[in-house]
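Here come two complexes built around chain A, the first alongside chain B, the second alongside chain C.
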Partner chain A sequence: MSDKNSSNFKSWPVTLILGLFSVPLLVMYLYLFIDTFTNTAPGSLIPNELTFEHWRFLWETEPGTVSIWQVTLNTLIFASVMTLVILSVSLTAGYALSRLNMPFRRFFLAGVLTLHAFPTVTLVIALFIVLQFLGLYNTLIGVIFIKAALMLPFGIWVMKGFYDTVPWEIEMAGVQDGASRFMVWRLLVLPQIKPGLIALGVFSFLEGWSEYLMPQIFAPEADVQVLSVYLASLIADDQKFDFNLFKSIGLFYVLPVIVLYLVFQNKLMNIYGGGSKG
Partner chain B sequence: MRQRIGLLGLGFMTPALVMVLVFFLIPVVMTAVFGFTNMGTATGISGGEYLLTPKIVKQLEIRGEFDKQSLTALSSNRYQVTEAGLAKAASDGLKSAYIQGLRDSLLGREYSSKRDFERALKKIKDRPRKVRALKKSAEYFSQSILNRRYLTDHEFKTALAATGVQLSATEFDQVLSASYTGWIWTTDNFTNMFSKPDTWVVAFNTLVYVLLVLAFNIGFGLFLALTTFYLPSGQSAFFRAVWLLPRISPPVLYVLLWKWLTWDTGFISTVLGWFGVPAFNYMLGSVGSAWAVVVLINGFVGASLGMILFSSAIQAIPKSILYASEVDGANRWQQVRYIILPQLRWPILFTTSYTTLSLLTSFEYILLSTEGGPGNTTNVWALEAYFTALNNYAGNLKYGYGAAMALVLVTLGVLVSLLYLRLFKFDELVARPKIEN
Partner chain C sequence: MRILLDNFTKKFDDVMVINNMNLEVRDGEMMALLGPSGCGKSTTLFSICEIYQCNGGRILFGDRDVSNVTSQHRNVGVVFQNYALYPHMSIFDNIAFPLMVKKMPAEQIKKEVHKIAELVHIGDLLERKPSQLSGGQQQRVALSRALVRKPDVLLLDEPLANLDAKLRLEMRSEIRRIQQETGITAVLVTHDQVEAMSMCDRIALMDHGKILQVTTPNDMYHNPQTDFVAGFLGNPPIAFLDGVITNGQIQLKDSAIQLPLPSRVPVQPDGKIVRLGVRPEYFGNQAGIELQGQVSFVETQGRENLYDIRLGNGAVLRSIQPVRADAGLGDSVSWPLDTEQILIFDDQGQRVA
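The block that comes next holds the complex of A and B.
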């Protein structure tokens, strides 16, 4: 509708109202950038000096704390291994659900859909005790598998959706030519869903990168800390309160998210529709 | 052929099935199992041992079902020099001359108090010089079962019987269960949960939280979708990007920005300070403002889900209908009311039901912002379960009680997600495969 501004509608009042509602967000994200490079006197909002001191955390590690690079590495490992697990498991399961006539297919589909709606966060207490039993508490591997598994129904459902869009004719042709279903999947179908794979991969990586609750519950200790837990524990420490430092770390933390988002924007929008946050 | 495809399908499903089994089905069952135990930091999660402490004796006394005399006898500290005690002392490296001295002069004698026994020890020739070592050596001959750990139920029963205190069978069992340090099966979690007034406060908070955030999410999501639909494309792209920011930001950073906005050193207080309003922590300063902040934090994130879903639904409406209505003289409000909203009925229903369930169980943003405060006023059910079982200041974690609280949510979650399966026309989603039919 936007290309056609008709006489019975003026858009500026709408812009104004929307603008007013957006002020808190605009202010928050604007000052996220400003405050990391400047100092501001208390009681003022106009910065009075330019400085890089808030970025000290990149090259200085306070004694008794972990280096930011170690934490970043943990986050990277956590997010990428989790993504690999989700991708590889939902790659096959999605195909089976979409295309293969197997026993219990209806039951599996209903199960995946139910689990997709099921609020996984209610399971953390049981998972915590199970992890303690297994001796995987405070390890990256434990929290990686938990987060991957909890995202799995979503991944399978998205993957099934991508497989559903591949034309049946491709597979029929392959089967006619004498290829097995496995070969058809491997050689004909997989190349077709590459865009879907990338979209789900980026989405899972971003979810893992941003995740706070699972690492906080299952791997809070310093040597396996991820960026979210690291930043949250800094903020929770009443002794050294410094919004500028927090924002600098926060900006450092969110930059990869913004870059990935800008690059894969269109692919991600399809998936965000599926929704994973309330 | 058909069978082989079936096998291939099951093979393809296996990794997913294993993960679902381990991380969904087992935890669901475990939540139910743990909900009926009193597991916690006090009991540990593996087995326990038997330990009777003066405190437990006191508690038994308060219950009033015990004979006073037998309780006093239980807690009295009797000392007797026995061969077993001597052997234990010898194996712990006490001087053999001292042990010999004890055997010669005190073997078999009984003392009814610590003081008497220590006085007797001081008469032994080769006794340890230091008073503390002497007192320690006395403990080898203590016949009391107080403050001693017994690994098995059998050991404890034998020791209890050896004290010679006369106990009836029920009393005996009571002492046994009171001194057990491991976890036991119980339904107390549920009776406690429903009798505690705090539970109802938290349940009411949850209801308020879900309703307010839901209303904001749907209402404001709808508002964003409609307004961005009617704005010029540049503006609408800008506003959609702005409102997606909360969704793509990591929760920790997003809540940090809210803290900066609302705390007493933050943005709002600074701006209002210019007009002489004293600084105020809006996130934690008062119940009303804390609720407003909690609802807005969650609402700003949630509104974007509505915005995305409703926007694509509006885009799907054929343009010709809208143009036709315009020719007929309908203004924008009439278009929205009579053309767009009826088309959005289904996405709104979907978003409402999906959001309700996830709000009911989510606590991440509250945990990061108010932590349920001030007091307990913004605490919700899922957060309370988390605090009870996994994280509280006292450090006394009650896994069992927390699991019982979570079980309420798990049950609700299973029922409601099964209900959605009915509601959202599952059969349309499961068209049969077209090859080999």
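The block that comes next holds the complex of A and C.
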């Protein structure tokens, strides 16, 4: 893609309009950042004092609560295991749906698409009963399975799209060259869908990292809490209402997302580009 | 190695594409499968390498029945129409892939790849990626990858279709040279009669899943068995005239013109309906029966011109001859038809003589 503007199109008006609309957002982010390091007198917008006390959650744990690091670890496990499950299932299922002449292929394709559009909330009670029955309620594994299963239709659909862009002649050429179907997949096809794999991986991780509803319902207890649930429980506590602490933890929570997004933003666009090679 | 298709049958679901085809490709021969699109030539090719499984009959390499042998074990080199190079690998790795799969030692792979790269004239491109190569170079890479593991047979699926006209000419002779130097048995699928005639030892002309004629290019041109074969081969194409045998001569339809039968043709019964095939080179050049007509079309081809001549009865004859000043569009001309060279078919399109 080229950054050059065509001669009959000036970019600055667009930049200006987009900039104006983005200002409220930017101001919010700015205050999120400023407020975590300062104290501000009530009724004022200008901070009057520099302080690190809002970040004290990093090194001390208040009695009756869990350490932030335990919660962060939980979130990390939740997001990455979920990502792994989604990647491995989508990789294989996507290939099968795209390439293999298997029975009920159309049925599976239609099913995947339907499930993709299925409203999650309607499943909550059924899932709760199933988890309770299996003894997976209030465990990370349980909520990982649920979130991964709910995201799989999307993942499979995206991977199938990427597989569809690999010309079948390449696979046939590989088979003619004496390679088994598995070798062809691993050595010839996989390298070509790598952009899709990375995009789906980052996307799933971000999705898992920011997930609130499922962990809140299926794993609310302190020792399996993830950051989003922890954050919510913080403002649910009416006794000590600490806005700046809330903001600091919020910033702590959102930092990895911003970093990941900055690093992978080009790769993420692949998902929406329908799988053309970036 | 000889390829033999013995009552080969291929169906897609319930659609019969090829029914009981028999074809032998001799050892070391280059055979063209020629025909219009949809005639089953690519299906046949892909069945030889087991991309499609055959539904009946046998496929033999040499004396070995390979009908139920998988692609991986058939030892067939295939060049695909779009080359199917592996885009993420260097040219070297592309060519080395079949050897790597075989787990050949790295030293030997290197030697073999360089040897084939020399043969195909791409020795200096080995470090590049396929996207950095021109179409002709990609074609050469595809060819070397197909040849590097010394396959029993080489299959080429429209290998020149994606090249521009000049490269096509060059690769035509290159592929033929490489095939002859390696002595490999090859099957070429094409819809271009010029490719088939210029590159191959023999041509199998197909239509609707059937082989109409198998013979050398020269013989197929001069002795087509049906009017379809006659019409398919030759550029500019043959012209057909309708006629009836009258008094041992050919009476052209709706006209008073009578043409003598060529001397090689046995006596034909009166009233028999015939179709005459007249190649453009036998009209307007040699001596023969003069035919009156009007020039209805002139196409400049450089050294020669192609003229369409509309006869009195509305039929059109083509003539190719050196550029001449006395025949412009709309002019009346009287040109000789070499009746000895007329091909005669019956009303079913079968060759009479």
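Quick note on the criterion: the second predicted complex is superposed on the first by the 245 of 278 C-alpha atoms of A that agree within 3 Å, B and C clash if a C-alpha of one lies under 4 Å from a C-alpha of the other, contacts with A are read in each partner's own complex, and residues count from 1 in each chain.
By definition in this document, a residue touches a chain if its C-beta (ideal position, glycine included) is under 8 Å from a C-beta of that chain, and two chains touch if they have at least 3 such contacts.
Only a predicted model underlies this, so the values are computations on that prediction, with no experimental measurement involved.
S.K.: Kindly say whether there is room for both chain B and chain C on chain A in the superposition, answering fit or clash.
M.R.: fit
S.K.: Scan A:46 for contacts with chain B and chain C and give back first, second, both or neither.
M.R.: In the superposition, A:46 touches no partner, neither chain B nor chain C.
S.K.: With the two structures laid over each other on chain A, which partner does A:192 touch: chain B (first), chain C (second), both, or neither?
M.R.: Once the two structures are laid over each other on A, A:192 reaches chain C alone.
S.K.: Once chain A of both complexes is superposed, is A:24 in touch with chain B (first), chain C (second), both, or neither?
M.R.: In the superposed model, A:24 contacts chain B only, not chain C.
S.K.: In the superposed arrangement, does A:217 touch chain B (first), chain C (second), both or neither?
M.R.: first
S.K.: Could you look at A:175 and tell me whether it touches chain B, chain C, both or neither (first, second, both, neither)?
M.R.: Touch status of A:175: both partners.
S.K.: Could you let me know whether more residues of chain A are touched by chain B or by chain C?
M.R.: If we count touched residues of chain A for both partners, the winner is B.
S.K.: In the superposed arrangement, does A:183 touch chain B (first), chain C (second), both or neither?
M.R.: Once the two structures are laid over each other on A, A:183 reaches chain C alone.
S.K.: Between chain B and chain C, what is the tightest CA to CA spacing in Å in the combined model?
M.R.: Result, nearest C-alpha distance in the overlay: 5 Å.
S.K.: Considering each complex separately, which residues of chain A are in contact with chain B in the first and with chain C in the second?
M.R.: Overlap of chain B and chain C footprints on chain A: residues 172, 175.
S.K.: Give every residue of chain C touching chain A within the complex, in rising order.
M.R.: Counting only chain C, the residues touching chain A are 49, 51, 71-73, 76-78, 80-82, 84-88, 97-98, 101-102, 145-146, 149.
S.K.: Name, in rising order, each residue of chain A that touches chain C in their complex.
M.R.: Chain A reaches chain C through residues 167, 169-170, 172-180, 183, 187-188, 191-192.
S.K.: State the interface residues of chain A toward chain B in the complex, per the touch definition above.
M.R.: Checking each residue of chain A against chain B gives 1-3, 5-6, 8-9, 11, 14-15, 17-18, 21-22, 24-29, 31-32, 42-45, 88-90, 92-93, 95-103, 105-106, 108-111, 113-130, 132-133, 145-146, 148-150, 152-153, 156, 168, 171-172, 175, 181-182, 206, 209-213, 217, 227-228, 231-232, 235, 243, 246-247, 250, 253-254, 257-258, 261, 269, 272-273, 275, 277-278.
S.K.: Per the contact definition, I'd like the list of chain B residues that touch chain A in the complex.
M.R.: On the chain B side, the touching residues are 2, 5-13, 15-16, 19-20, 22-24, 26-28, 30-31, 34, 39, 45, 213, 217, 220, 224, 227-233, 235-236, 239, 242-253, 256-261, 265, 267, 270-271, 273, 296, 298, 300-302, 304-305, 308-309, 312, 319, 322, 326, 329, 331-332, 354-355, 357-364, 367-368, 382, 385-386, 389-391, 399, 402-403, 406, 409-410, 413-414, 416-418, 420-421, 426, 429-430, 432-437.
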